[in-house]
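As written, the chains take the letters A, B, C and D, and residue 1 is the first residue of each chain.
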Amino acid sequence: MRSLEVKNRTSVEDIKCLRLITAIKTPYLPDGRFDLEAYDDLVNTQIENGVEGIIVGGTTGEGQLMSWDEHIMLIGHTVNCFGGKIKVIGNTGSNSTREAIHASEQGFAVGMHAALHINPYYGKTSVSGIISHFSTVLSMGPTIIYNVPSRTGQDIPPSVIQTLARQSTNFAGVKECVGNDRVKLYTGNKIVVWSGNDDECHDSRWDFGATGVISVASNLIPGLMHELMFGGKNPNLVAKVMPLIHWLFKEPNPIGLNTALAQLGVIRPVFRLPYVPLPVEERQEFVRLVNQIGREHFIGDETLEVLDDSDFILVGRY
Amino acid sequence: MRSLEVKNRTSVEDIKCLRLITAIKTPYLPDGRFDLEAYDDLVNTQIENGVEGIIVGGTTGEGQLMSWDEHIMLIGHTVNCFGGKIKVIGNTGSNSTREAIHASEQGFAVGMHAALHINPYYGKTSVSGIISHFSTVLSMGPTIIYNVPSRTGQDIPPSVIQTLARQSTNFAGVKECVGNDRVKLYTGNKIVVWSGNDDECHDSRWDFGATGVISVASNLIPGLMHELMFGGKNPNLVAKVMPLIHWLFKEPNPIGLNTALAQLGVIRPVFRLPYVPLPVEERQEFVRLVNQIGREHFIGDETLEVLDDSDFILVGRY
Amino acid sequence: MRSLEVKNRTSVEDIKCLRLITAIKTPYLPDGRFDLEAYDDLVNTQIENGVEGIIVGGTTGEGQLMSWDEHIMLIGHTVNCFGGKIKVIGNTGSNSTREAIHASEQGFAVGMHAALHINPYYGKTSVSGIISHFSTVLSMGPTIIYNVPSRTGQDIPPSVIQTLARQSTNFAGVKECVGNDRVKLYTGNKIVVWSGNDDECHDSRWDFGATGVISVASNLIPGLMHELMFGGKNPNLVAKVMPLIHWLFKEPNPIGLNTALAQLGVIRPVFRLPYVPLPVEERQEFVRLVNQIGREHFIGDETLEVLDDSDFILVGRY
Amino acid sequence: MRSLEVKNRTSVEDIKCLRLITAIKTPYLPDGRFDLEAYDDLVNTQIENGVEGIIVGGTTGEGQLMSWDEHIMLIGHTVNCFGGKIKVIGNTGSNSTREAIHASEQGFAVGMHAALHINPYYGKTSVSGIISHFSTVLSMGPTIIYNVPSRTGQDIPPSVIQTLARQSTNFAGVKECVGNDRVKLYTGNKIVVWSGNDDECHDSRWDFGATGVISVASNLIPGLMHELMFGGKNPNLVAKVMPLIHWLFKEPNPIGLNTALAQLGVIRPVFRLPYVPLPVEERQEFVRLVNQIGREHFIGDETLEVLDDSDFILVGRY
């Protein structure tokens, strides 16, 4: 399944230079389907604030809770509406090689600019199996590899990354969550790295050679995250946003993000299970954090609310 | 699932004025997956010859042999690559209302300009059920209704069409296969009609008020079909192309079309079952017809071949 | 995908001798999912009244409105609960050869005793294509071929049936809806036939050599249909049930059946679109018909009700 | 979706007393589809050796590489062929609550005796979310909860298990991989535990109160594992099998198991990616281990082979 129409406009160099990429949230209607109107508003806000790329259906966007047809549809929709203004990176990774192949073929066919690929989580495999897995998809188009052992239960060893970097011109770089020593190891070898940790990304960028960040916090404060990546070293700004970042990751992401966006009034307070909102004390704490940092730095323009438990809709069938 | 981004650029009036729409063929790789490179060439050729719209995954495009995720992917791909140059009409109809709803939502989300909807074939339903079926999808965007009793086993009565035309501003018109009396009945009531029969479309257009045609033959001879729809009454041209059109429909469409395109060298000779190629005598006859009409009026530039039986690949699992 | 465990217990002869097979109704919960408790009651009632086989997910059972995973699950469920008492024939046919292959493999794997296969409706194909289609699935296990041109738009010619009967020992027979001349043609050639028309089945059985019937009416009056197939010629009984049979098919099946079962109180009044209930006058007529024939001949034991329009639930998303 | 037919024969007590459960391997044909004939042989061998239950589509059975329709089909097939002789426990867990609900409903509908449920791996969630997730499925039937932090990236805290044990009569127990201190904590509170670690299971059973084991090694040496669970304390036997168990888990399971079964000649040497066989030195080591323990204790009766790399088939599309 090849398409020269698509291939001709996708370049790995266009991906390698992106500094600020947002792992975009997927908002829902009360019956659990996508709320595309809210989604389009979120993406437009990202574009207006200088974000250069988005991950569609990442773990933040809850790709793991999507059927593949929903997921590919969302990638196609995003390309169709915003592909001229922002790079669209589809999370077409899977712990099943078959699914990763199928989703990546479809994602590139509907025009995504790059794929994000994870090593086989949960089922896991050998180092040799990891390389085989990634090799089946790297031929299709520009690809970012994602390493997050706290989710996958298995670190991708640097030897694997270096092998892939040598083998494929489609290898764009690594989204790395292991820490800045690892970042430095790669950037010292001219491998492009995006920090996968909002709390470390400033240092990754300015002290360890990372190209940028794939951020969760930029869903909320895209302008400040832009400043952090483009404005030079800025310890004061780091200190300002750090309490928010700590709050965001008190529970597994995107629980904090979902709770925050609902309170900002930019999405409906609908959660697909197994995600549930943060408790009311944390919701009150969020209001304090917003006021401290400044409402104007956050997306949306509605007055901030501490939602009641009864305001949230949790959906299991959708 | 709504998207103002998409809604704002889709207008029913843009659909109503199309004169030449091709029910585009879907070509395959030897393992049965889509051959997107060949597909893109087919669509580009259509655009170059003045075709104004295409039906993606119609019965001609073998939507009935696609999984829905393949089908939506193909719509998204087509919008992404060609949506600025040609109107993309997705055949998101089904005899299952659930599937028609889901596919139409997804099709519009990835940017299709209009949907084609069939009445519930095979399972069938009452007149009241037909109206309920179409009503669930008409709210989503510009829609063409397709009436082809020889396939569905059930005629859509004019009363149903007139009800839908009154009820919904998204109703664009009818693709009608019943004949020119029916065409006249609708056009007399200011309902837009496309002929669904290549052999009748010239008369439908020039004598019975049809806006145009949704054509199979235009896959092969887009320029001549354009002349037929735009160039004024032309009985000589009708006489010239009629033997080809009769040949095309000797067996249920798209058997003839698939056989012809393979012989023209523009697609691989791969058939998804239950379709099988026309026998060798008919393949020889096709060569004679092409030479008679003129190779230059047909798409492709390779020398015409009479393929052997062994050249064809029939796939059941894909 | 082979299983000797399953193959060893499935014999085509066990299928050929069945006289009374019911195309069983699939009942729904208010959200559109299967109501398995009501389903189990329906099947138990069939068994108690001497019905020997059931078609799971036929057009009567609305297989066309099921996803394949629902469909295979229902076959597996039926085998698991009732496979020792009644023959389970899965409608694993499709107009897509790929889907027919996949569903038939899965259906036999979960233990269905036979498959029902339709020719490719709507998409249609050539005679040669029809034979190719059936040939891909006949190797898997005992198979009944279903001919119903009023739904498919295409008659299966006798030459096709005779070819299949010669080619495959898995060919069990034909469910034929074209009429008794066709029945006679086949039975004269020792091909097993089940009538697919309740109004003709008595004559098919006693005058034209049919083995039995695949019945819709037996959902309602299994005991009387049993009498019709086993009790010898009985014109009085035919006359008694004929008004009910005519009522049942006033609109495309299973609209009448669904409406009747809801009024008998044995299923919830839930319709998956595009099916909608018969209007109130026909519902009143059904009460008259039941009283005329005798409530005791119908399944269920609740007092008969004329349901209001507002009692019915129509579901499009499920 | 309820079925009294199924509910009436499923009892949580029948599950709680099982001592030896095998996480059964799923064998494949060269094109990647299930090899049901080989599967049936594997299950029959388990039954003959006294194994009391099997997990269908666990991580060992590569449920993570199945589509859900394959997975449910395999559960239905197993129930249909072997449900009277062995308990069939379907791994209908998922990190998506929607998928866990849907799969569990379908699994119980086709007759599985119990479900195995994992906490949401990879995507993860809060403790409150984990409880919500399990609560949606516990109402459906007997359920074993599976805790394996090395795969999921997240330990299920004892408080969650204790909450579920109190809340639901369907809670059968825990498959626990964290170690024998955790086992003791649960068994001291009368919570049924199966060890999820072959290397610890003897001690779990005889020293820490575990009911039994959910074993990988029993795929190869069901008789010896039976002895380990039923024959009383036996340090000599532990010492005898330990080198094999260590070999089995040198790479993430089921890589070792798949390699071993292929060498024993009981499955075709087909791997679904991302799994790849152990290297030739480890395959040679396996031959030594078998000879040391005794070929007669292993399943199959073919002479053991060291397969060549070229003997293995790795499939990515299937």
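Miscellaneous remarks
Just so we're on the same page, a contact is a pair of C-beta atoms (placed from the backbone, for glycine too) under 8 Å apart; a residue touches a chain by one contact, two chains touch by 3 or more.
As the structure is a computational prediction, the values presented were derived from the model and not from experiment.
Chain centre most remote from that of chain B: D (centre = mean of CA atoms). If you average the CA atoms of chain A and of chain D, the two centres end up 34 Å from each other. The centroid of the Cα atoms in chain B and the matching centroid in chain D are 50 Å apart.
Chain A and chain B have Cα centroids separated by 39 Å. Looking at chain D, residues 317 sit in touch with two or more other chains.
Viewed as a network of touching protein chains, the structure reduces to one closed ring of chains, two contacts apiece. Note for the complex: chain D touches chain A at residues 32, 59, 62, 64-65, 95-98, 101-102, 120-126, 128-130, 132-133, 136, 149-154, 251-252, 255, 272-276, 278-279, 314, 316-318. Taken together, the chain D residues at the contact with chain C in this complex read 1-6, 29, 33-37, 39-40, 68-69, 72-74, 76-77, 79-83, 106, 109-111.
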